[in-house]
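In what follows, chain A forms one complex with chain B and a second complex with chain C.
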Partner chain A sequence: MTTSGPLLQVEGVSKDFFGTNVLSDINFNLEKGEILGLVGENGAGKSTLMNILFGMKVISSTGGYSGQILFEGKQTSFKNPLEALNSGIGMVHQEFSLIPGLTATENILLNSEPTRYNFLTELFGPRLSTLDRYEMQIRAIAAINKLGFRLDQDMLVSQMPVGHKQFTEISRELDRKNIKLLVLDEPTAVLTESEAQILLKSLKTLASDGIGIIIISHRLSEIMDITDKVVVLCDGKIIHTSKTSDTTVDKIAECMVGRSGVLESSKAHAQKEQAQKEIILKVENLWVDMPGEHIEDVSFDVIRGEIFGIGGLAGQGKLGIPNGIMGYFESGGNVYFSGKKCNLGNPREALDQEMAFVSEDRKGVGLLLDEPIDWNIVFTAMQTKDQFLKSYLWGLIKWRDSKAMSKVSKQYINELEIKCLNEWQHVRQLSGGNQQKICLAKAFVLDPKLLFVSEPTRGIDVGAKSIVLDTLRKINKQKGTTIIMVSSELEEMRGICDRIAIVDKGKIAGILPADSSSISFGKLMAGVGETL
Partner chain B sequence: MKHIQNFIIDFGWARIIIGLFLLSLFILAPVADVRIDTSISDTVARFGMACVLVLAMVPMIQSGCGLNFGLPLGIIAGLLGATCTMELELKGLIGLSFAMLITTVFGTIFGFFYGKLLNKVKGSEMMIATYVGFSSVAFMCMMWLLLPFKNPKMIWGYGGSGLRTTITVEGYWLHVLNNFLSFRVSESFVFPTGMILFVLFMCLLIWGFFHTKLGSALTAVGSNPDFAKASGVDIDKMRVISVILSTVLGGIGILVYQQSFGFIQLYMGPFYMAFPAVAAILIGGASINKATITNVIVGTFLFQGILTMTPSVMNSLIHTDMSEVIRIIVSNGMIIYAMTRVNKARQKK
Partner chain C sequence: MTTKNLQLKKLLTLDNAAHLLMRNTVPILFILISAMAIPLSEFSFSYLSQELMTRLIRNSFLVLSLLIPIIAGMGLNFGMVLGAMAGQVGLIFVTDWNIVGMPGVFLAMIISTPLAILLGLICGIILNKASGKEMVTGFVLAFFAQGVYQLVVLYGMGAIIPIERLTLVLSRGYGIRNTVNLIGIRSSLDSAISFDLGPVPIPVVTLFIIALFCLFVVWFRKTKLGQDMKAIGQDMHVAEAAGIRVLRTRIISIIISTVLACWGQIIYLQNMGTLNTYNSHEQIGMFSIAALLVGGATVSKAQISHVFVGVILFHLMFIVSPMAGKNLIGSAMLGEYFRGFVTYGVISAALVVHAWTRFKTNQRQRQHLRGN
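On to the complex of A and B.
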């Protein structure tokens, strides 16, 4: 083993996926026994970087990468994760890769079990040798002890709380004798406060044994606590590298959200008339059981006529808020719309109260992909408000009024610049941006008092993006529609919203005026902000 | 050329090939000493008899409940309608109308519970539906013996109780629809105007239904249930409505069938009725969650055409009687073919 030189050197690594630059010119070093914190927003390129390091198939199948990686001074390019493991790199993924039906011990030693000879091996080879249960116990306990966490080695993974699963996963990496580099992707995301403390402490111990550690996290306080060095990624570039002791949370937060703290002055909303501050939507103690986007206890007020933004990192629960209020997922708590209490859990009731929702799940919930455009645009209005129907026989027959449908569809096709052959084209054939515009048109036809838009610009091109945002602004100004916009694009929200709430761990971390500095938003997202 | 290409894509290669095959059978018919007018007469009559049964597929397909393999349940409603009416000695057009009324009542009740059941097994409707059909037939096998019918034309001659396996409708409503406004085209081809008109009227009704608010909601449920739910539509209710419609249509379909066929077939009669109807609508170009009236008409015509023509032409050509064998091969073969096509369409998505 070489004694001099850094453990890991990343030199000029770039990667593009089909022409889009995901990583460009990444350089950093990691010494033995050093803890490096890798931070950045969702989509900044952290996972791609780790995939490259591990030789994941996604990378080679999309054309490989440029630049070079030196591990222990030797240039390496792992062809698959197994090679990386054998050279002494361990990885703890955000998603657990454990087998639920096995115990902690069995999981920790999976595929590296100590075995004993039996006669069947003569016939069928070593795959049929007997497991040495006693030895397994000893090794598992040793690995667990390295962590300093009391984990029952005989417990089934399926019966463990999430924190224990996380520790099992880490123990598994630690069991390898030659482990030199350990990469942890958001290890504390699922842990409780005290568990996280134990984990961080044990990481420090491991580092003092000479293991290099890369930790990916968006909890800046942890990063500040345990790392020696911080690398901030933004849009695929390293925009900040420094010794942890030389930097501050503020500085990192600012780098993370990118761009400088200066706002464009073109904001139309700057001084909105808020003479009558009537509260249109009052949310108290809302909980929503939406898989992957849990909301635990959220309260906020929305003022009539404003554009209210809800931001936060993916998986923290921001999407749960509109989905819960509109009744798409099970939810509870008190929600008052225009002073009236809403019955949660029924989309029809929310629609009848003149709330509308443009879902983030365009293809799943937002559209009838195999029906024509005009159907998509008017269907909700037809069902809930009896519009676009002609009545015959004293209302007994409600006939679809295709002329009216065509007319209103054409109007929106022009207004939103939807690119299509005609209003009868099937929605599946349209591009993402045009589909999104149809979702908006569908909501506009309802003429709602309160409009939820969820991730309105996700996955659509720049041109469509600006049309979507302009239209939202226009509808807010002209019709006075109150808009609640949920988005991962903080900068976009700051351009259009009046106030922005940041959701973290299923709770609101804080609500700030849109023109607050990016630093304060960054800190709220990172869980170190001062609550207002 | 472009027009022809578009037509082929619109109409589908499968239908064009089957259509050409059918055409070639008609051309071959005189060579094989099969009278062409008899063939056409048979095809038209069978088309009329089967069309409403195929139409019974449409509501359930449109609402996403899949193909109505539980058609026997609807047919049983029709059989109950027919037997009850005969018990009351109602004859002619009045009798048939009354039978349809009773069928609608039974069909609604059966369909309601059938629909409730299908709502509990979302995702595997078609398999459950098959067994609903089969088990309802088995249950009725007992009931036909036990129900207290008294009309001597229907019950077994010896014991004096229990219904016969086949009951003739002669003297009741045999050919009442067929003979309405019918005209003779040639020696052995009488066009069953009344039946065809009635069938088209039913098609028109269903076509109209899918142009109403309720029909639109049903279509949306089949197209994307999550979308429908988000638009405030009660998915389960829509599905039950579609199942009721399908069941009632199945019942009315068998009444149309009987008045032309001449017999009410009880006991195992309805057992295999679902498969030809399923095959027909799939050949017509329907998928598992989209079907139109055009699919019904084109599919029924092609399927019944081939089913009438293949055995008679083949028999004459090879001089053995294997019409039943050929019929089974053709009808089941078509189901297999149609099902593989459906899956392919799905994979493309």
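On to the complex of A and C.
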């Protein structure tokens, strides 16, 4: 302990992206050898905070931040991640940043390899010196030993199980001589139970050596286990800071979900009478191989006429469910729609069975960006149902029925308040909210029996949000369309859905009525819920 | 002993055998076709081995120059044509100044190297802008460079750039003739030190240079720069996050490749003895790339052994196919046609097989995520 005072001080840090506050007045301290748990929902501002700390380009290119960060008592503002690394801050990312064709050793020492001199370096510079394999081995083993996990230093990363990759990644940070602060983003998400235990134990050992650790996790049991201090972020504000020993899982879970005032409408809505409980969609043992949103084994029933919510944190697999059932990704298991078994893996068949999907990937899957609004709205109906076509010569020639297209487009433009010049405007020129409304209109034209909407309010403004949600509610009430809504916005879903399933680690952690308490939802997301 | 047997059994599963076959589709195809064509061509063994030795020393250096960009993940460097052009410019000057023998060859290399570095730099910068589409960009770039080369050689030389020897210049007074006779430096490397091994003459110096190049590649892989390139070739973003200067390194790899291709073209032409001013460089890119692919290399993985296996198999086919065609159908034209057909066919087949293998490997890796 050469310098006194905290290792890291964050003082009054605020950040806005184009007028929207994503972080306001963040204050906390981290001592040497202390483990701090940073908890919060997706979009709570955790990653923005880390981006600021590491001087990522996204921050400076969007106008920087206010407030100050002191590292070892000195005010710092890193210009790029490399500067942060050189000052002794290491980051272990959620996605692996390892090179698959290199061994553990080569990855751990990537771009900091010890080298041997040869005469050519005089001519062409130090990059022509040869690698000192022996020294590399020694350093890699030393870094691995700090972790206390037996990792084969000669194994290729591409052949490693996931857990080993995580340990390789951490060893890489530990190889730096001056490492003082280590940030880990969801380090146990991909680990098995026993690997996670080893990791947590080694983190404690590292902390006892004087390294400060920030661990971002939504597994509250881990947070309770190893941290000294917990900071809960919600909507860009710190709403709870305390010593871990002074708080409880319930308290943290409640803070994490936040906004304890439950929307009144949800309660009224949830009491909607389910007259006859006919199951419209039955899902059994569904698996979906969607990269980043992988589903392992999911079973649930959806009742005709309800709005069924699917929530959970990003990367846990909630998006995999609609994408798998609609056949956009490789999937398997049994799915019955109106009692009939569905053939998975074929979007056309799903559409023919009168299921429709408003994708979360608006620009990639949802829209033909360089075509006019009316084309976009009727496109799927035209392809799958032969609507909006005039046929000539006994059906040999089919032409677009522009009048009918125009009529239906105008109707939806009015109904959904789509802001545009006219129905021929190209969709690319519209704002995100209006594009989302067109995606909805496109699904409504199909008049589906079951409608999947995925992240319907992501990236759109408040006004458009309420219109989108109102429209969904209306179509559910008036036409009796069953809706499955997948969203990261738990509060929104609680306002509109009847029941909500929470997905965690590729499985359903629980299904609760929408008016259940925030704490119980928070606990399900945090992996500490009671299984139902 | 039993464990060894078990391991062997494990290796010999149907799945692994299929995998092995799949990965070597192209060379296997070539071996099969050659095995049929050799008896048909009625060439003697000594003639074939003579011819093969000639092709080996002509082409190996050029094909070897392709290795380094593949390590750096930039695919097959169609931009090597630019290096070949630089080499030819060097040869034209050396011929003009009437510098003969080995000094001529080395002087040509010295003159053309700065030009090759410049062209490699430009090529590298452009390929960086077209990251992920390096091959097709390089291909089109070579077409563009062809125009610039023609402008310089056909209009500039003799008019702006002084050329003394009238035999080099077209009768109108400027522009280089279609063929340049390289009699002064012809085979000067190959016959400097040479002995006969049975019917086959062995050119020691050229082989020594090629061996030196192979050693260079082996050594290069062990350097910091080589390791950086390997990392970049696998994942540019990760390499960048680790602080490796990705763009600069990629440019260096293209420059090295272009310079080596330039020297390779000079070695190639000193063996040929004549320079087809406007054609020699054209096919060299395509043939070298086809040869490397025939050897079993892919867009992302290539070894020294692929180079030699490739050159031997590809040129064996080249030598025997016209004669085999003639003996079979009575028309050498058919064999000639077959050559071109095979070259482009190999490149397409190799690219398709590569994409397909990658898809399959991906699928294999994700198998555990896909239910039971």
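We adopt the following convention: the second predicted complex is superposed on the first by the 505 of 532 C-alpha atoms of A that agree within 3 Å, B and C clash if a C-alpha of one lies under 4 Å from a C-alpha of the other, contacts with A are read in each partner's own complex, and residues count from 1 in each chain.
As a convention for this text, a residue touches a chain if its C-beta (ideal position, glycine included) is under 8 Å from a C-beta of that chain, and two chains touch if they have at least 3 such contacts.
Treat the numbers as computed from the prediction; the structure is a model and nothing was measured.
Visitor: With both complexes overlaid on chain A, does A:L82 touch chain B (first), chain C (second), both or neither?
Guide: second
Visitor: Per the contact definition in the header, classify A:S14: touching chain B only (first), chain C only (second), both, or neither.
Guide: neither
Visitor: After superposition on the shared chain, which partner residues are touched by A:H294: those of chain B (first), chain C (second), both, or neither?
Guide: The second partner, chain C, only.
Visitor: Looking at the overlay, what does A:P100 touch: chain B (first), chain C (second), both, or neither?
Guide: second
Visitor: Please indicate which partner A:T130 is in contact with in the superposed arrangement: first for chain B, second for chain C, both, or neither.
Guide: The answer is second: A:T130 touches chain C but not chain B.
Visitor: Regarding the shared-chain residue A:T380, is it in contact with chain B (first), chain C (second), both, or neither?
Guide: first
Visitor: In the overlaid three-chain picture, which partner chain does A:N29 touch, first (chain B) or second (chain C), both, or neither?
Guide: After superposition on chain A, A:N29 lies in contact with neither partner.
Visitor: According to the stated criteria, A:S517 is in contact with first (chain B), second (chain C), both, or neither; which is it?
Guide: neither
Visitor: Going by the contact definition given at the top, which residues of chain A touch chain B in one complex and chain C in the other?
Guide: No residue of chain A touches both chain B and chain C.
Visitor: Quick check: in the complex, which residue numbers of chain A touch chain B?
Guide: Residues 326, 328, 347-348, 351-352, 357, 359, 361, 364-371, 375, 379-380, 382-384, 386, 389, 397-400 of chain A touch chain B in their complex.
Visitor: Can you tell me which positions in chain C touch chain A when the two form their complex?
Guide: 219, 222-225, 227-228, 230-231, 234-235, 237-239, 241-244, 366, 369-371
Visitor: Can you name the residues of chain A that touch chain C in the complex?
Guide: For this pair, the touching residues of chain A are 81-82, 85, 97-102, 106, 110-111, 113, 115, 126-131, 285, 287, 289, 294, 297, 330, 332-333.
Visitor: Any idea which chain B residues touch chain A in the complex?
Guide: Answer in residue numbers: 208, 211-217, 219-220, 223-224, 226-227, 229-234, 290.
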